[in-house]
Structures are given as C-alpha cells and as structure tokens.
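Each structure below appears as structure tokens.
Both of the next two complexes hold chain A, though its partner changes from chain B to chain C.
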Partner chain A sequence: MKSLFEPLRGTARWRRWFQHLMLACLCGPLLQAQAAMPAQERSSIVASICTDPGAYRGALDRIVQAVVGTSSADAAWGKTLLERLQAVAVICRAQGAPVFKVDHGVVDAATLEPVTEAVDELPMVPTLVLARLLKTSQAEIELFSPDVLVRRAAAQRMSQAYAQINEPLVRLALSKAADPEVIATLELALAKRSLASGSVEVRVEAIRAMGKAPSESTRSLLQKYQEDRPDMSAGERAALTQSLSQIDRALEVGKAASIFFSGLSYAGVLLITALGLSIVFGLLGVINLAHGEFIMIGAYATYVVEKWLQAHAPGWFDAYVFLAIPFAFLVCALIGIVLEMTIIRHLYKRPLETLLATWAVSIALIKLVQILFGSQNVEFITPSFLQGGVQLYPGFFVTWNRVFAIALGLVIFATAYALIRQTRFGLLIRATTQRRDTARALGIPAPSIDRLAFGLGSGLAGLAGVVLTQIASVNPSMGTSFVIDAFMVVVLGGAGSLVGTAVSSLVLGEVNQLIEPFHGAVAAKVAVLLLIVLIIQRRPQGLFALKTRG
Partner chain B sequence: MKRRNFLSAVGSGVVAVSAGNLSETALAATPSGSDPVKLGLLFSQSGAMANNESLLKDISLMTIDQINAKGGVMGRKVEGVVVDPASDWPMYAQMSKQLILSEKVAAIFGCWTSVSRKSVLPVVEAQDSLLFYPLHFEGEEQSKNVVYLNSPPSSSVLPAVEYLMTPQGGEAKRFFMLGSDYVWPRTINKMLKGYLKTKGVPNSAIREQYVPFSHSNFQSIVRDIKAFAAQPGGQAIVVLTVVGDSIPAMFKEAINQGIRATDIPILGLDVVDSDLEGLDTAPLTGHLSCWCYFQNIDTPANRQLKSDWASYVKAKQLKHRPDMVIDPMVSTVMGIQLWAQAATKAKSFEPAAVRKAMAGMTVADPAGYVAKMDATNQYLWRGTMIGSINAKQGFDILWKSKDIVAPVPYSPFVKA
Partner chain C sequence: MLNSVSSLRSPSCTTSHIGLPVLLVCAALVLPLFNAVFPPGHPLHLSLFVVNLVGQIMCFALLALALDFVWGLLGVLSLGHGIFFGIGGYVMGFHLLNAAYADTRVLPDFMQFMGWSTFPAALQPFAALPVAVLLGLLLAVFVGGVVGLAAFRSRINGVYFSIITQALTYALMLLLFNNDLGLGGNNGLTGFTLLAGFHLAHESTQVALASLSAVVLAGVFVLLRGLAVSGFGQAMVAVRDDEARLRFLGFRTDRIKLAAWCLSAAVAALAGMLYVPQVGIINPGIVSPTLSVEIAVWVAIGGRGTLTGAVLGAVVLSCLKFWLSAEIPSAWPFVLAGITLLITVALQHGLWGGLQKLRIWKAAS
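On to the complex of A and B.
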C-alpha cells in the first residue's frame, strides 16, 4: 500500500521534512532522558484510576509515557500497574493507599513495598470502558516490542481503536517501523483519524487509503462520512464512490467465500458422522440407532487420551487429537463387534427388532457414560495449533479448528474409500453384501465379515467423535443430535454408497448454510428436510444406489 | 354343612379379616407423626439441561439433610423425591402430576427453563400444589401456585442493559439479540425492544435472531454479529438468551473468531459458572451476566454455604465442582428454607396454609441481603448484581444493588 507520505512532486519533499520536524518536537518530550517519576506522581496516577473514571485517559497516557520513556524503574512500574489492572489485582482501599495483590501478599501500588496490614477488600473490576483503554494502552506499548508478530497485533489494535490512540506516539512508532504490514496498518489507523481533518486533500487521501483496505469497519466509516457531509466537494465524492465500490466488491467476495466455507465445514461434520452409518446401514441393512452413541464414545475416548497425556506426558499434549484417532477407532470398533456378536447377529432379517434393540443399547450406553463421567459437558483444551483463525480476505475469517475438521474428515473418507474399494477386506465386504450366497459358496465366512464390517462402521463413528471434540460440545447425550442428520445423509445419498454419502453431505451442508444467514437456522433445517423428502419421493433408493441382489 | 353355607361363611370370614387389615392400611395411609414429609425435586439429570439442573437437585438434597439434622420440620423428617424429566418439557408436567398424586409431596422444587415451568403450571394449578421456581425468568406470570424465588426482567435484565447504556458501561447504542427459540428469550426480547423504544433507539439498531435448542453451529451467526457491530451508529452489544449447550458453543465460536468484550460485549443472561466449565475463559474476560448472587460475595453466610457444598460434594463423591456455587442453587436453598419456615409458622404442610404464612416472610440471602417474600404476588424480593467473566471460569462482581429490589411481575414495556 502506498505510503501516505509518498512524495508527489516538488512541495511534497518540504512537507515531509516539515512533518519530521513536527514529529521531533512532539516526541521530544517522550524521548528526552527522564528523571525517575517521584512517588507522589505514581500515587496520583493510581489514585485517579481508583476514583475518577473521567481521568482514565490521562492517567493511562502518563503510564504509557513512563513505560516507553527512558527511566527503566518507571517502565517496570508502569508495566506492572497495567498488568495488575488487567489481572483484576488492584485493590482500591476505602482507607489507605491502593495496593496490588501479588503471589506472596500485598504491595503498595506506588512504592511496591510490601504492606503488612491485612487487606480483605475485593480488587477493582475494570469497567468495559477502562478495559478498552487498557487494551489500547497495552497495544501502544507493544508497538515498540522486539517481536514483529506482537507489533503487528498492536498495530491492528491501533487501527481498530483509532479514535482513542495517542497520535504522536503512533507517528513515532510509524517512523521507526520497518515491517511493511505494521507500516500499512499504522498508516490506515492515521488515515481513519484524518477523515476528520480540516484539509480536503488530506481527507481525499484518507478516503483513497481506506478503499485499498476493505473491511466492514472502513466501509461503515466511509458510509458515515457520506451521511455526515452532504455538501462535500467533487473530488471527495469521486474518491468516495470509487472507494466504496472497491470495498463492496471485496466484501461480497468475502461473504460468498465465508458461506461456502461454512457449508463445507458443516458438510464435513455430516460426512464423518454418516460414513460409519453408510457402511453399517448400507452394507448390512442394520438400522443402528446407537450410532450416535459410538460418536459420543469416540469423543470420550479422546477425553481419556487428553487427560492421560495431561497427567503423564505434557510435552505431547498438543498431539492428543492425533493419538486419540487409533485409540478411539479401536475402542469403538471393539464395542461394535461385541454389540454385533451379542445382539445384532440374531436380528439381521428383523429390522423392527434391530431398531428397538439398538435404541435400548443407545440409552444404556448414554447412562453408562453418565455414571462413569458425569452428565456435564467435558473440557477440551484446544491444542495450540488449532486456536484462533486467520482473516483470509476481507469479510472471510476461517477458524483453524474447522479447517482441521474438514481436512481430517476428508482424510478419513479417503481412507475408508480406499479400504472398501482397494483392499481385500473391502472386496469381501462388497461381495458379501452384493451376492451373499455366491460369496458363501466361494468359502467367504459371511458372519465374520458382517461382524468386522459392523466393527469398521462403529470405529468410523468413533473417529467422527474425535473430530467433533474440537467443534461441538461433548456430553453423554451429544450423539442424539447427530444420529438423525446422519440417517438423513445416508438415506439421501443411497445406503451403502460412500460417494453418495459424500455428495449428499456436501449438498445438505451447503444448502443449510446458504439459507441460514437469510432466514435463520430453523428455516434452514426445514428447507433441508423438505429437499430430502422431495428427492426421496422421486428416487427412493437415494442419489447413488448400490445394486444388490439378496 | 351345605356348600352354599360353607362358601358364605368363608366369604364373610375373608371380608372380616381384610376389613381389619384395611382399617390398618387406611390408618397407615394418612401421614402419621413419624412419616417423613416429601418434597418433589423436579430437575433433569439427562438431556440438554442436565448440567445445570443436576446441581439444583444435589443442593436441594444437601439442604434437606441439613434441615433433618436440626430435627426436621415440626418434628418430621423431610424426604426429597428425585425424578428425572430428561429435559423433555411434557415430561415435567407428567412427573409433577406423579409427584403430587402418587408421591403426595407437600411442594415441588423444580424447573429451569420457562418452557418447563409453563408445562408444569397447569398441573400445579389443577392440583392446588406449590411449585418453587428458582430461576430468573421473563415475568408476565403470577400464579398462586408458583413461588417465584428469583428475579423478573425488571430486576435483572433492565438494570444490566441500563448499565451498558451508561458511559461507564460503554454507551451501548446497538443491540443484537440472540436467543434460543422459546418463551423466555422471546418475551425478554419483546420487553427489551419496548424499553429501548422508550429510550429512542431506532429499529435499525436492533437485530433479533433465534436458534433451536442445543444448536451448536454459530459460525455464520458470529459473522453476522461482527458485520452488525461494524456498521455505524455506536457501540454494539450482544444480548444473549441462548441456554444450555448453546452457551459454550457460542462462546467458543466467539473466541475463535476473535470477538473480545472490549470490542463487542456479550451480556449472557443465562450464563452461569457451570457453562464456562469447558472453556479457557481468558479471552472471554469482560463479558457480562446478571444474577442475584455471585459466589465471590464475601459474607459469613456465603462462606458457610460454599464450605458446606464443598464438603457435601466430596462426601457423596458427586461429579460437580466442589468450588462452584451459582445463583439458582442459592435460590433453591433459600426456597427450601422459606418453605420450612412457612410450614412451621402455619403448623401445616397444606399448600394453602404455607402460601398464607409465606407472605411477607423474610429469609437470609448469602449474597448479604435479607430477602423478603412479597405480601401479594409471591415474588421474592432479591438484590441485583452484574458480574464480569474472569480468567478463572467465574465472575467478578462489577456492580451490585444497595438493597433488595421490588419485583415487577408484569412489565410496562411488553405491549399487551
């Protein structure tokens, strides 16, 4: 982005020299060697924060000056004060000087000497207004941090809180900045402020600068500008129109990308939850209402792995999701095989009884987990590499946990597809499903294959549980909310067809997320259900049907 | 002896013997001095409300144990009858009927969501029993068969929104109302819109959106909130009336998409410490909630209550956090104590007598107030507090009322 101070021709060079001079004069006081702050000044700063909300701004400015100034004692004190305020550890006493709570007791806020008398008042809770100012002041200090990532984040805060910032300080940081991202963000912050400038050229420059940095906030700023100044000059109007259309175009693209991405992540969830069911229902014809509980058991298996790693191998903690994958698969596959051997095996030709039996099993599993783990939501600490997200484009923000869920879902799908299509085991499953008698005549042990296939389906449900721990809340009854959607996906896609499951989950996910922003979540669900009803009426076997005979 | 005579002799003998037995069983059916008096505990232990309501069930049992340790009520032990309506609203009605008719409970303590209370309401009214309801709610109701132990919007939502509209609170001018789709959020939002209109807030500054129960995919909604907040017109806040599982899901999404309280404060009206249990709350500090009680209050009564609860959880090896006490739990405790006091004063367990004795009665509130039962409308006068989420999955007290506040059952801001 072109610097605002880019020389045009001729006069611009003088202008720049003049600006540097102004900078030096304004920042001189900030930089000149300061004597350590007298104790009274420190006490007065803390006292004004404790008693006078109108004085917050002034007090915080003085703290920031202390921190970026040259007296290291004051800098340390200022940093401590800011940190203690944000940690809700400053006690403003009714009688006596304010104090900080520290690990080993209580210290005086101005002198940092330990305080011997007992202090039992509760610390001051910063109001939202003070919290905002504290955040801005913290960012102003971090503009001078040695870490470039910290400086970038601080610059973002300057741009966000442009109305509250200490302008000479920001100009000083800008003059010292070398990283292009930091320079661009700080210039945007100053451009937002110069929208209120007296000079028309400065305002037009600012409008153009904001057109180049499209976002919801720049758009609303320009919109407000347009509303507040109906009598603006032609130059301003032209620049404004151009910038607004630039921003609008960028935001539309961003919004479309967002909707597509949400649809993709919802489709990913549908896909992994329905995959196991597709195998079990499609290949075996078993209506397994306990499928949701296998998902839940997979999630709890992940919880067990997480807790174990937390206690015994904290260095590996971040990898708990990956380590949970084989563990959850095995646990759920084993439970599935046991279930098949004890109950399902006797009920193959009797769908109603299978329905009832698996429903009973699902209730039993929920209660069992409730007894073992309690009925409350369980805590999953998001691994550090999955926290937060990234702004890929104006208006398009992706969170890492969803990207991970989509990626893992695709990997699981590809593996399952390869297993069914390309391995001998998959061949045996397909043979048993499509031509059962011929397969048995060829010596394939059909009951064993059925058992293993059921185990595979349950194991895949467990894997879905692992992925869902990062994006949904986990409690014993979480499975019930996924099993209905999973059945819908399988029925629409065609029981037994993995490709059908993938296609139908994509269709349903995108349709749901397309409708939700305009008509709400409830209407989106209704629309999806209607869509399924219509398609099933036309094609009862689903979109991609397996041809079977017996 | 002739067969007919034989049969009639045997028949009379059987009738005589069973008549003797019947009179004994009839005597046994009327509660005698040594039978325990039963209280129904209508709290879900499974489903969407399990997390929250199982806390209320357990603290009720603890309070009943404490009352029994002091000799019970009027010399009789109290017994808590626990049932599990499984977060299924019609089940609350069915189980309340079961509690009243077959268990013959003297009163029911139960319900969290307003839809469950509305479902129980016709039952307690038809049977003329008493339901003690420990949650803050939307008001617009005043039944002689329900005891309202917690605040209507006039003493919870309105003070919090007023605070957020002051300069200290951030001068909120735009409101995104996000709620679960049932009576409580819809009524709260209706009342808020009426109130905001009187403050001159235009319609364009208000957005209303509803999600189904247990909805957990808040991606596009959080995006909408960010877009709404970026529009001109002043500071935007979110008035969050989702319940149960949706709360942690919403907060997780807000954290991941970078919403901080300094940018867009969220006023979570149904958020309690238990909803924050699964979350790293450092990025959530500053978001607000309002209740009659927060556990940071430092009074001797609160310290006692917290240590009693911690010992109880450890002794019974419950799966709850021993260091967490939330407002509905305290309201339930106060409700049971109020019932015991009223029954003792009325010298009877009949709902009509207890109701009459309760009017105007005071009961100690661990939050440091002396709560008072209203003389006519069966609402309990409580104090009001606004709490701010801290990094330890709890709340810091931002503001509290000096004294108990008069509850207003029917809000003037809800258009008829």
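On to the complex of A and C.
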C-alpha cells in the first residue's frame, strides 16, 4: 500500500487534485442547495447587518454564498443587497422588516416586493469596517465572473486583502479557475495568509508549500519574508533556503519550456501563413502582398460565422471555430481565384509589377473591411474548450488556444503535403513549378493550375486567419504586420519547398520568441533579418531551393 | 515597343527632358513672386498653404526620382526607399533640434520626458548645417552601401530583394517607435524653430524652402539624366535587361549596381532633408512600409525608366491624394488602388509612356 500512495503524495500536482476533490466534498452540499433561501433567512441576514456589527462578516459570507450558489433567484437577491448596501439605500426600521430604497419607491429587503406603507427613516450608512468588508465580498463574487479580466482584478483584491479572505471560498474559486494569472494570484493569497500565521509550524509548512508550487510571485514573497524577518528560527531558515533554491531551479526549466512552447505556437501560425505564400511564389514567381489581407479576411469570415451561430444556433456556438475552417478557406480561395483571373494573370511576366498590383488590392481590401466592420478590434468569445490551459510544469503553462494553433498548423501542413505529394493536382503543380514549358508541352493546362494554386494559397491564408482569431487581435490592418514575417519564412526556406517552409517557420518562430522576451520585438525582427541575410549569402535561393528551369 | 533605351536616344524626347528642369526653375521663381507680389485675396495670390504643399510635392518627386533611377534603369525595385528618406529626415531633425536648443535654451519635450537635463552629446555633431547635410548623405550612403553590398554580392535580386528591403523598412520603423532609442519614439522630433538663422514660422522661409526644393529637384534631375545617357547609364540598362550576359562579358555588375544604389540612397536622403523643415515634424510613420510601396506606385503610375515619368507620377498622385484626402477621405485608398491596377495591368509604361506613345502615333499619322 505504501508504495502505491508514495508517488501520489510526492508531487504538487497530485496534491492539488486531491485538494480539489476534498473541496468538492466539503463545499458541495453548501453550494448545491437547489431550493431558494426562505424569506426568513434573507430577513435574518439583513437584520444581522442592521443590528450587530460583530456579525457583518458572517452575514456577508452568507450573501456571497447565495450569489455564488446555484439558485439564480438567490444570486440576484444577494447582488441587489450588496449593491443597495454600497449605494446607501438599505433602511433598517425600528418597526417592521428592513427595506431597500429603489428608483420607484421602497421594496421589502427579503422578498423584493414593493412596500406600500410610508417609510420615513434614513438609510444605513456603512461604517468603514463594513465598507471594507463589502469590497472584499464584491471581489469574492467577482472571482466567479464570466469575464476573465474581472476575475483577475478580483484575485488581485484577494491577494491584497489576504488577511480577511474566506478560505473555503477562495479554494473553491481556485478549483474552478482556468486562467493562469487568476490561479497564481489566488495561490499567492492563500500562502501569504499562512505566512502571517502566529505559529512557526504553520509558517514553515507554508514556506515548504510555496517551495513546491514555484512561481515568480511566490519567489519574491519568500525573499521579502527573508528580508523582513532577520530573527527567524533555524527551521524556518532551512525551509526558506530549500524552497528558494527549489523555486529557482523549477522556474528556469519552466521558463525555457515556456519560451520553446510560445515559439512553437508562433511557428504554427507562420507555417500556415507561409505555406500558401510559398506554393504561389514557387509556382508563379509572384509575391502576393495581399496575402496578409487574406489572413484578415479569414479572421473576419470566422467573425461572421461566430455571429451567425450566436444568433441562429447558440447551442452550437462553441463549434464556430471548426465551422469557420471550411468557410474561411472557401471565401478566401474564391476571392483569390477572382483576383488571379482579373489581375494576376496579366502580370506573370512582370513579377515586380505584381507586387504593386497586389499591394493595391491589399489597401482596397483593408479599406473595404474598415467600412464594413469598422476599424476597431472585433471581439471573439473563445470557445469553452479552448479557454484556459494546463500547467505542465511550474512556470510552464500550456494554453489550449496555442495548442490549437500548433495542432491546426500540423494538420494543415500534413494535408497540404499530402495534396502536393500524393494527388494528381499536386503532381501537376509540381510539374508546372519545375518545368513550366515542358509541362505545357505535355498537355498540362498551366493557366488553370496557376489559378487553382493561387486559390489554394489564398485559402491557406484564410485558415491562418481562423487560428489568429484565438491568439491575436483582429482588425482590418492585422495582416500587414504579420505577412512580413511570412515573407521572411519563404525567403529563408526557399520558394515552393514545403519542407523548407516548415523548417524555416520553426526556426524563425523560435528565434523570434527566444529574443523577444529579453531584448524586445525590434531586436527579434532585426536578428531574424540578419540571420536571413547571412544565410542568403551562402544560399541565395533559400535553405531548400528547388531545382527549376523556369 | 517603347522601352527606355529607345526613349533615351530618341531626339523627340530630349527636348521635353530639358523642358522639365526649365519648368521647375520657372516654378521656383514663380512661387515667391506670386506669393509676395500679389496681395492676399488677389486671384493669382499663392497662399502659404499652397506654397508649402508645392514644396512637399517637390520632395516627393525627388524621392520618386531616386527610386526610378534604380528601378527603371537598373531593374532593382526597392520597397525600402523610405529608409533613406527617413535617414535624411531624422538627420535634418537632429540639426533642427540643435538649432532650436541654441535658440530657446529649452530642451525638446521628449528629452525632458526621458529625464535628460542636458542636450545629448550624440546629437551635437549635427549643430552645423553643412556638417549635418554631409553626415546625412554619408549615413544614407553607408546604410545603402551595407545593404547593397550584402544583397548584390550574393546576387539577391528580383522580388527577393524587394521583400528584404521591405522587411528592413519595417524593422527600422519598429526601432524608431521605440522610446528608449532617444529619438522621440512615436511622436518623433518636433518643435523646430530655426534653419540657417531663418525662422521656420516665417512665410518667406517656407517660400524659400519650396523654391529651393524645386531647384534641387531640377538639379538632381539634370544630374541623373546626364548619368542615364552616359556610358554608366547604358551599363545600368544592360544590367536591367540581362545581368548575366553583362557579367559574362567581364563587367562587375555588382559594382555598377552598388554605385547606382548608393547614389539613389543619397538622393532620397536629400529629399528627406528638404521635406522635414517644411512639415515641421519627423516621426516613424515616414519609414512605414506603406509609404515605401507608395513611392514605387508613383513611379509605376508616372512611367518608369524615364525619370520624367517618376516626377510626373509623384506630382499627379500627391496632388490627387491631398485633394481627395480633404474632400472624401474614405475614397482615397480605392482610387489609389484603382489607378495602380489600371496602370500595372493595362498601361505598362505609365502616364508618361502613354503620352509618348500618343505623340509618336500622332507624328506617324
């Protein structure tokens, strides 16, 4: 038995899971009360606030439980009560039940029914103590808000007011939290609370616990503790030294892993973007400066799908990301084919003019989208299955939206690779890319191949737009900044080479993310550029140049 | 087929190539005349606004001239001429900051925000105008030289070169947006008061600057035109038309390209130096990739390879832009896109080429 349980107790992760399980058992009955609170209980809560300053804390905790709990009637009532208290609109009457002042008169504090009799007493003004407690309660409720920014702010408040937090409630919020920032802040709040404890054993335990849950914030907290208490006991000192070195070690590994991972996700998006560019460039020798705008159109197509589902099939809302994949691809491919037929076709012999023509298309598209959708960022609601993430290692948090970007990048690359390598269409593309004249002499309809390949490239850009909706902000000019990186991928990887595109996406994605956190975005861009110029000195056609004869 | 080799040699065109500088010098004389002689309210009076606009457009034309020299004659499309324009502009900005500080003894706002108490020593070499102009040109030639050397030696050409210059522009813009660089970040350099002892706010200074821009444009035009019809210009055209063959004939094509490229960079920097005192500000927007592509669009629309076409394109497009941006701002991108598409797809030789064709056709009939 011992050997079976040893590893479970050994790791912090398992411990956390176990704690969640315990919490679910403890808090479950409390929060799963299905029936609404009886009116007497509501009155007694209001009455205790009215009469007994010593009972503030207990009453507020009960209100918070009501709001956080499952009964929507109770939640509405609790919110109203807190809001009325803060608005100085609760009247405690000498005779009869307490009432709320509202816009159109006076309502009963428990039932929220209008009160007919005249009320001439003054509302209760919250004392300083009550006001502070009210703020904390408000934050406790906001810990469960659907808006992640509100949750983060609430967690910050918890961390500031750590001495007065409601521990079971915070633990419950912690068990439900998915946002890494919220989790870190709340854990810090709990640890801070224990660090301030009067008992040495509790403090040592807290120090040890913090050592096992390493993060930047716990580290700075422990350091501050070390500075603030020069006279700590030997046990504490030993635990502190051990915890700090433990944290440092873990943080370094976590940081390296995080940088690698974010480079990987950036590489995934670069890959999808550059793939289309590379196919078109390799085949036609044409650089499409409007490629970035196809990304943008793909993102807006996703937006349209999202809004449509929200209006017509809210139950299927989360699926919008998947529905958007074919939709964005088709929309962009169609626009690409039309563009090829009307403009690009006439410019194949003059690649430099194509740059200008596609640039013209890009500014027109940007303006068109600005007129249709406005120039502000459009907001996306992340599907629930892409929200949050999982902490694989202390300081190394894998978010689902980035995993999605990497996975989609791989799937699309594999599909494109199969398409080019295994299908007849791919064979025709490769033949035309390598020897256009011979291919035509053998009866390959090069113009239609060009058109379809251009459509494919544009469609792939649309897919990159779908992925970007989950990890970047979407506005009409989003493509411009992004496409330059994609060009660099093509220049480095060699036009028309799928493997080259994949390798150089990975290299540029990693290099970018490796330099950016330490030296800023500019240094990253300049480094990438220098790297490319250096490599191109040796291999002017890119790393994986195709052998072609025009 | 009308290409620039034939247009360079055909006698029918030479007259008009003398015509343009003459026209520009006339403009340089007319500007102060119409501004000063006719009182405000007179129908022939040119307001400060119009004079200023003409001056700015002259700078744009100079910039287009620089690009046409390398694109039209050498076949190297740079999407990064904004870099050199920006270098010239910022260097002139450094000088003007020096002059303003010497005048008012008040540190520019952005330096005060950075917490500096003295004027930075790094900017003091730009205090004398001739030195600043020389440094600006040298800096542009140096940057152009490094980029050109790296690119032409390893035979990066065509769209590869264009894309790399565009990426460079983007990187430089990001760099300039950075506040820590100490060049004013987003807001750029502003608060200029004096240039060579003249107050920039005075109408006469601005009129003189506009006239100077026209004269410089005329001078540079004559210089580049002279180069274009010289042996060097013919070598440039040969590089454009068949670089490999020229190399096999024993020419060092990379050197020809580098020389033309550096000269073009210097001209673009000169344009930037003339531009900044007229607009009174320089910010990173000047090196945005969009502006750099727009320069190429001016050249394409005017007609490349003729130098006259570049000036024509810059003037027509800038006028159209100033007018449309004021009247119906949202229509401008569509109009620009429409003209660009029309020219690139249907009218390869641009406006000037179209005019020439018309003239030849008329002479023949």
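We take it that the second predicted complex is superposed on the first by the 302 of 550 C-alpha atoms of A that agree within 3 Å, B and C clash if a C-alpha of one lies under 4 Å from a C-alpha of the other, contacts with A are read in each partner's own complex, and residues count from 1 in each chain.
Methods note: contacts are C-beta pairs under 8 Å (C-beta built on N, C-alpha and C of every residue); 3 or more make two chains touch, one makes a residue touch a chain.
Because the structure is a prediction, the values reported are computed rather than measured.
Contacts of A:G520 after superposition: both chain B and chain C are touched. The larger set of touched chain A residues comes from B, when the choice is between chain B and chain C.
Looking at the shared chain after the overlay, A:E353 reaches chain C, while chain B stays out of its contact range. Looking at the shared chain after the overlay, A:I343 reaches chain C, while chain B stays out of its contact range. In the overlay built on the shared chain, the residue A:V378 is in contact with chain B alone; chain C does not reach it. In the overlay built on the shared chain, the residue A:I259 is in contact with chain B alone; chain C does not reach it.
In the superposition on chain A, contact of A:I366 is made with both chain B and chain C. When the shared chain is aligned, chain B comes close enough to touch A:A472, but chain C does not.
Of the two partner chains placed by the overlay, only chain C lies in contact with A:I536; chain B stays clear of it. Residue overlap on chain A between its contacts with chain B in one complex and with chain C in the other: 366-367, 481, 520-522, 525.
Residues of chain B touching chain A in their complex: 45-48, 50-51, 54, 164, 167-170, 181, 209-212, 214-217, 219-221, 223-224, 226-227, 230-232, 245, 248-249, 253, 256-258, 260-263, 265, 274, 277-280, 285-286, 296, 298, 319-320, 388, 390-391, 396-398.
Interface residues of chain A facing chain C in the complex, by the touch rule stated above, are 281, 285-287, 289, 343, 346-347, 350-357, 359-361, 363-364, 366-367, 371, 480-481, 484, 487-488, 491, 520-522, 525-526, 529, 532-533, 536-538, 540.
Listing the residues of chain C that touch chain A in their complex gives 71, 77, 79, 150-151, 153-156, 158-160, 162-164, 166-168, 170-171, 174-175, 178, 289-290, 293, 296-297, 300, 330, 333-334, 336-338, 340-341, 344-345, 348. Chain A meets chain B in the complex at residues 53, 87-88, 120, 122-123, 125-129, 131-132, 135, 160, 215-217, 219-221, 223-224, 227, 258-259, 262, 265-266, 366-367, 370, 373-382, 387-389, 395, 397, 399-402, 472-477, 481, 513, 516-517, 520-522, 525.
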